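Paired with chain B in one complex and with chain C in the other, chain A is shared by the two complexes that follow.
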Partner chain A sequence: MSALATVIRHENRVLSADRASWIGLAVFLVIAIYAIASGATWMQLRQAEAATSVQISQERSAEFDRNLAVIEAGRLAELGKPNWYKRWSGAPTTPDSRAVLPSRPLLLIASNAGELQPHLATMRPASSRHSLLDDLKASTQNPVTLAVGRLDMVFLLTAALPLLLLAFSFNLLSVEREQGTLALVLAQPIALATLITGKLLTRFLRLLLPLAIAVPLLLALAVDPAQLGRAPLDYLLLAVLILVYGAFWLLLAGLINALGGSSARNALSLGGLWLLLVLVVPSLLNIAAAALHPPPDRAGLTNELRARLVEARNGGDQLYQDHALEHPDTVVAESTDPAEAFDSAKATLTTWLVRERTDALVAPIAERFEQDLAAQQDLAESGRFLSPALLFQAALNRLAGVDAARSRAFSAAAKAHLDALRAQLIPKVLAGQILRAGDYGGLPRFEMVEPSAAGPLGLDLLGLLLAVLLPAVLLMARLRSARPVIR
Partner chain B sequence: MTRINVHTYDISVSCHTFIANTRSTEVDAGSRCPNSPPAAAPNVILTIARRELLDTWRDGQVRVAAVILAALLLLALAVGIAHSGSREAIRSAAQAEDARVWVSQGKLNPHSAAHFGRYLFKPVGPLAFVDEGINPYAGSSVYLEAHVQTPARSRPAEDATFLSVFGELTAALTLQLLIPLLIILCAFAAFSGERENGTFRQLLSLGVPRTKLLAGKALGLTAAIAAILLPLLPIGAGAVLLNGPEGGDAGADLLRLALLCIGYLAYFAAFIGLTLSVSALASSSRAALVTLLGCWLAIALLLPRFAADAAERLAPVPSITAFKQAVSDDIAKGVSGHDASDVRLEAVKQQLFQKYGVSRVEDLPINFDGVSLSEGERYGNEVLDDHYGRLWKQYDRQAAVQRLFALVSPLIALRPLSMALSGTDLALHRAFTDQAEAFRRSFIAQINDYYTANGKFDDWRYTADQALWKQIRPFSYTPPSMVATLMPQGPNLLLLIGWTIAIWLFAAWAIGRAKVDA
Partner chain C sequence: MLEARGLTKQYGSQIALHPLDLTIAPGEVFCLLGANGAGKTTTINLFLDFIAPTAGTALIGGVEVASNPLATKAQLAYIPEQVTLYRNLTGLENLRFFAALATGETLPDSRLLEILKAAGLPDGAAGKRVGGYSKGMRQKVGIAIAMAKNARALLLDEPTSGLDPKASNEFSALLTRLSGEGVAILMATHDLFRAKESGTRIGIMREGRMRHQVATRDIGHADLEQLYLEQMRD
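Moving on to the complex of A and B:
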């Protein structure tokens, strides 16, 4: 134990004296602070967008309620609206509602993945069930920025953190050998295992631990304190993930050094491993996932939705007549006012029947589309065990709330909300009723049903721990079996 | 130092010439020039280059890396060719289907048809198999309907997995990130290794000029990289010729490919120069390697992202929600705030009353609803031009900010050039969306004009039929010309060439300053 303490004490001194390494660390921290600040700005913009969207919808509803009250008082003329406004504002298919995916406090670490995640939906009772999240998918963000990639913390931690750690540890033993000091050290009553452990431990304590504390702290400082309380555990988990992921790379450096190569060779081997785990394996897995489960054809789905809509609409009169035959008790009056062609009770009912029919026709195709998409995402999920970088990235995505499972849950919650909206409004459509003042205010509000990320996160962490064990066990085996290469 | 101990020099001082050669190669008789001074020996550069190439090939680590890299590049090309082929097939099928769906509409109010609208699907770009550019992150379809222009939607990346932090493995990614790494791997010890072995002093003592040594090393390294890349060129050319989109201009696409090669060559030349300079100046091979890997990290990974991120901060764009709201507010309330839509419409109404000598819209010989819709479009288009103009201006500003950063990373100059030549950049996206918007305006105008001439005021029961749907002229897209593609890339090309020249000047200076002994 005292030997280990000696190694750590000495190593600490050596590390402190290495100015280039500290410059590297300082640069990393500066970049991290920038990435966090930039991510925080992005997150605020996204939250502001969501708030604006909800506000627009609420103002619209309030205005309808106000105007309906005026109309009910028989003072339509005061509004200065065209003739069709009266029926339109009262039609039960007119109200809209917004679904907003709440942001998790750590959203700011994933401004790349987050930008691609649908987080807003606008819906009306007669919206297509199968393109709910498409509405706001058009984006004003510059695609060039996304193609290059933002400098977000997910990228920095997954790709750059390992390089920082490797810069401090690629020549752990080799430098001693090249300086001729390894022989001297091993001439002392110090085992090679103790030496390596001490050196790795020093880096873990002096480098990784402060980073694992600093990064979550900086992230916590960057968000509104009110949000912080919602998921305090996330920050702790982030710290643990950074420690485990970092430990993997340190142990890898220890293992490569124990093989006895020169510093240059070690740097190349570790650089190659970094490239393999961070870039090559994910890319190949991506190709494999796309080959096994080709990305579904979005353009085809769009056309399918439209073709079925036309089909149903062309048969709209028939749908209305069939409905009237089936429900002779609720006769919807046909308007004689030509201005009400789109929003009369009959027209509204037909719109709904067309929508219902279209959704029924499209459902099998849309479901297959979603299954194909899910199959591809599931394959990617299981493939994450092939690289610690992927496990780490997947875990960070989950902490940020931008993972595929949460996106799917949002889509499901949006559909559930559409159902709630319909449950309140469609009976009015079927009965040929119009909305009254106050009806808009009484519509259901969207609520996100959060999926539990604990299971997948646990697996991520478990996978990472196993990944740490691999170089650790190999290193131990190497130290036990092979004699140290001294020169 | 495995990399360094591979070669020794055969030195024959007596005949005032030097023959640098490796242990296992025959002495090249052609390189002996018995009575001429060494500096004038024409083959000095070639001899060094040949030796450098051989050394590179003999290094097992390099060989493995080169083979893996070549395999990755081949895979990326194959996947790229297959993907862009299938995407183009899906796109053209979808476009044909949209036209079919449009005319399959039955009797309908013309304005309802204008809201049903059309979808246009963006072509993938002639060389998308080399560089996907912005394609995964830019909308792949444009929805056209009455009243508004919406940005392109359906970004393919939304339907992708979380798998790659770096985006998909494409030939461009491999060329931009991995070939520079291979260059570093091959040459980080080019001079530092000679120095550590003591052969640098020997070489210089033979009177080999330092610049020729530099040129020889560079040539050898270029040959090594070329050996990996050249065999892939016919695949690219073949894909252009065989896989090109229908009606594409294969000749122009081959020219694009050739220009692309020149751009990447300049980029690689910059990296070769950088690697040799650092190797010449570094105190040890280890220091050279660490410095070079640091440079690579900064140039290839961090600076481009920082530039993109900073550009977005400095020239922000509104969110889609805010953007849409601003457009609809401006259309409803008037840009200046005092010509709201009803006021504007009233003016049009009074003009028509004067023209036709009537005092009620019902008495007009034309359908005032059609007039009202046309007026809405006219004003709306002005508002849209204003808002989209500002949006594009912000994109341009972002590009300018990014270009500034090209001064510290040649990749930032290369990337837009590569995308532009591959037909996958923002300019091409804009050309497509602009033409789509022009089409939207013309087809909505066609429908509104029809409604003005037919139908009755305030009678929304009026329907048109297939005869009208079929009258809509089909959309045809003309990609921007080669000149239009290349002109905006002038600064990037200059920056790239400037980088290469500057680095080589630096290399020439560095080799002059290189220490002789370790």
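Moving on to the complex of A and C:
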């Protein structure tokens, strides 16, 4: 039997006898199951919210279609509408359409990031862009959750998995030296590199590999086992990412042990590195991103947008008069029928002009906000190479479909859809036309082209592999000259 | 079999071992005597490649230790003052692991039990966890590891320290048997009596220098003690 196989077999035996570590693993698994269940519940709620929204929109559209037919037939009394309703040229601006960001199979792992992700937008052609922007800023379902954070699998795997692995490996060699067994082991014909490799491999095979298999399986079981067949690559990638990220922490523990410190010193060093890579570097990156590209706060943005809306509304009459002077041909003659005393055509046109003005006022604010946000996100995206924890988290968010690129693609698609609706309907408003029953079915439906995550995910994985390589190379270099028996 | 050529160890300005020249032939038992810090353990650690020499070379079977540590360790066995084993494993499991590391083979349990018995471990102890063993029992597992290895050289660092007289006597008998089988033995000890009883040659070390070497057959117990005390006084 090779020395490596002997070490692996022996380590298995020693690990089996270490009850404290297994209690740690059991606690981790319990927390993981809770996080998965919590994520699954959150994901189902989000999907239900989207489904309900779409259903309401469809029901409204159907009702609207029916009403149009009734109006066209002149049976306004059936609808309980006043007589002027038949000339209601505001009708073309009424239908709404919902944009829903489809859920990726692994969405449940990222409920924290998902909570802040825009995933649902309501678009009415006559709504100002500001109302769409409101939808696209963020979706927040539960402010309490936002205040305290949600225990999701992205957090658990990024922050707690390293701690679990370090608990099993911080004293790989040091404990042997402190107990006195290292001298007897290294008096045998076994290279230190073989000993450490065997110890690390045992933890990889016995701890990390089962976790990397169990987590994707549990995630699929929590929602729908058939997902495994529908998106096998997502689950496979998740397993690979867990293995690579875990290998980084195991190798780091191997490297620190090869430096020859005591168990207490190793624990402190590894704890410090965990703090640095998992908490400090991401925090510094956030601070840097916020300092270099400070976007207005969301509440401030909302206030500013509302102020512009009020400003535009207050000038509504003036806008109509200016429009009437510039485009006298589009102004519909006022009705002489006393029953139609309310000039619906004028009201609709004024509303549209106000909203057009609002859009013009809001556009630079929204553009600035989006540019600053994009710059912030771009900096965070580039900065992920500063820490394996950031790379891992970014990759998991991408797998879950809550990454910034996908959110931006959704926003862009929603805006493009709104523009398409407007392009089809607004000319009717300006011409004082009303919508016919048949017109409604011809309106464009929301569609989103999924941005390819393959490139960024490949980079994440490449970055993680390079991160693994660094402690591996340093460890091998150290092992060439290390004589760890005597301190 | 065991050879030191100008073997030196220095930590900064402090010299732990002045150039040492020493040859221990197969079947010879060389006992290193000296106070704490005399350089006995340093010498053994250099043969084990636990520390790197500052100058000179240590050789086992003509093979240089520092450049061929695995080849030289395959030829030697080591029993430290405190044989520390894996407390959660039984004596048999410990031997199984160390014997597999030492020989690269998986010896059958029946053979391992035979070895433990030959090393003097009491019946029934092999299946018990080492955490409950006495120092003498752990020492016997250490001897069993050395026996399983069939080593050509044996390094002992104060192996009888803390053992009761009976266990020490059994240990001496074992050394005599091993040396009779051609094993070269280097033993660091404070025990003058055991050195005279078990050794074929004795070296007295002080402050990292080999001060005096004498064949045990040429000196009596009382003279050895006198010689030792003289060397310590200089």
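One rule holds for everything that comes next: the second predicted complex is superposed on the first by the 382 of 487 C-alpha atoms of A that agree within 3 Å, B and C clash if a C-alpha of one lies under 4 Å from a C-alpha of the other, contacts with A are read in each partner's own complex, and residues count from 1 in each chain.
Basically, a contact is a pair of C-beta atoms (placed from the backbone, for glycine too) under 8 Å apart; a residue touches a chain by one contact, two chains touch by 3 or more.
Note that the structure is a prediction, hence the values are computed from the model and not measured.
> Once the structures are superposed on A, label A:L184 by its partner contacts, choosing first (chain B), second (chain C), both or neither.
After superposition on chain A, A:L184 lies in contact with chain C alone.
> Please indicate which partner A:A17 is in contact with in the superposed arrangement: first for chain B, second for chain C, both, or neither.
Only chain C; A:A17 stays clear of chain B.
> Could you look at A:T6 and tell me whether it touches chain B, chain C, both or neither (first, second, both, neither)?
second
> May I ask you to decide whether A:A420 touches chain B, chain C, both, or neither, giving the answer as first, second, both or neither?
neither
> Mind working out whether A:L163 is in touch with chain B, chain C, both or neither, as first, second, both or neither?
A:L163: touches chain B, not chain C.
> Chain B or chain C: which reaches more residues on chain A?
Of chain B and chain C, B contacts more residues of chain A.
> Give one of first, second, both or neither to describe whether A:R483 is in contact with chain B, with chain C, with both, or with none.
In the superposition, A:R483 touches chain C alone.
> Should A:G80 be classified as contacting the first partner (chain B), the second (chain C), both, or neither?
A:G80: touches chain B, not chain C.
> Do chain B and chain C land on any of the same chain A residues, and which?
none
> Show me the residue ranges of chain A that touch chain B in the complex, using the header's touch definition.
Touch residues, chain A against chain B: 24, 31, 34-35, 38, 41, 45-46, 48-49, 52-53, 56, 80, 83-84, 113, 116-118, 120, 134, 136-151, 154-155, 158-160, 163, 167, 170-171, 175, 178, 261-265, 267-268, 271-272, 275, 278-280, 282-287, 289-290, 295-300, 302-303, 306-307, 309-311, 313-314, 338-342, 373, 376-377, 379-380, 383, 389-390, 393-394, 397, 403-404.
> Hey, which residues of chain A end up touching chain C in the complex?
Checking each residue of chain A against chain C gives 1-3, 6-7, 9-10, 13-14, 17-18, 179-181, 183-191, 483, 485-486.
> So in the complex, the part of chain B that touches chain A is made up of which residues?
Residues in contact with chain A: 1-3, 61, 65, 72, 75, 79, 83, 90-91, 93-94, 97-98, 100-101, 104-106, 108-109, 112, 116, 119, 121, 133-134, 136-141, 143, 150-169, 177-178, 181, 185, 188-189, 285-286, 289-290, 293-294, 297, 301-302, 304-309, 311-313, 316-323, 325, 342, 391, 394-395, 398-399, 402, 415-416, 419, 425-426, 429, 456, 458-461.
> Quick one: in the complex, what on chain C touches chain A?
Per the stated touch rule, the residues are 45, 48-52, 69-71, 73-74, 76-78, 80, 82-89, 93, 97-98, 100-102, 104-106, 142, 145, 149, 155.
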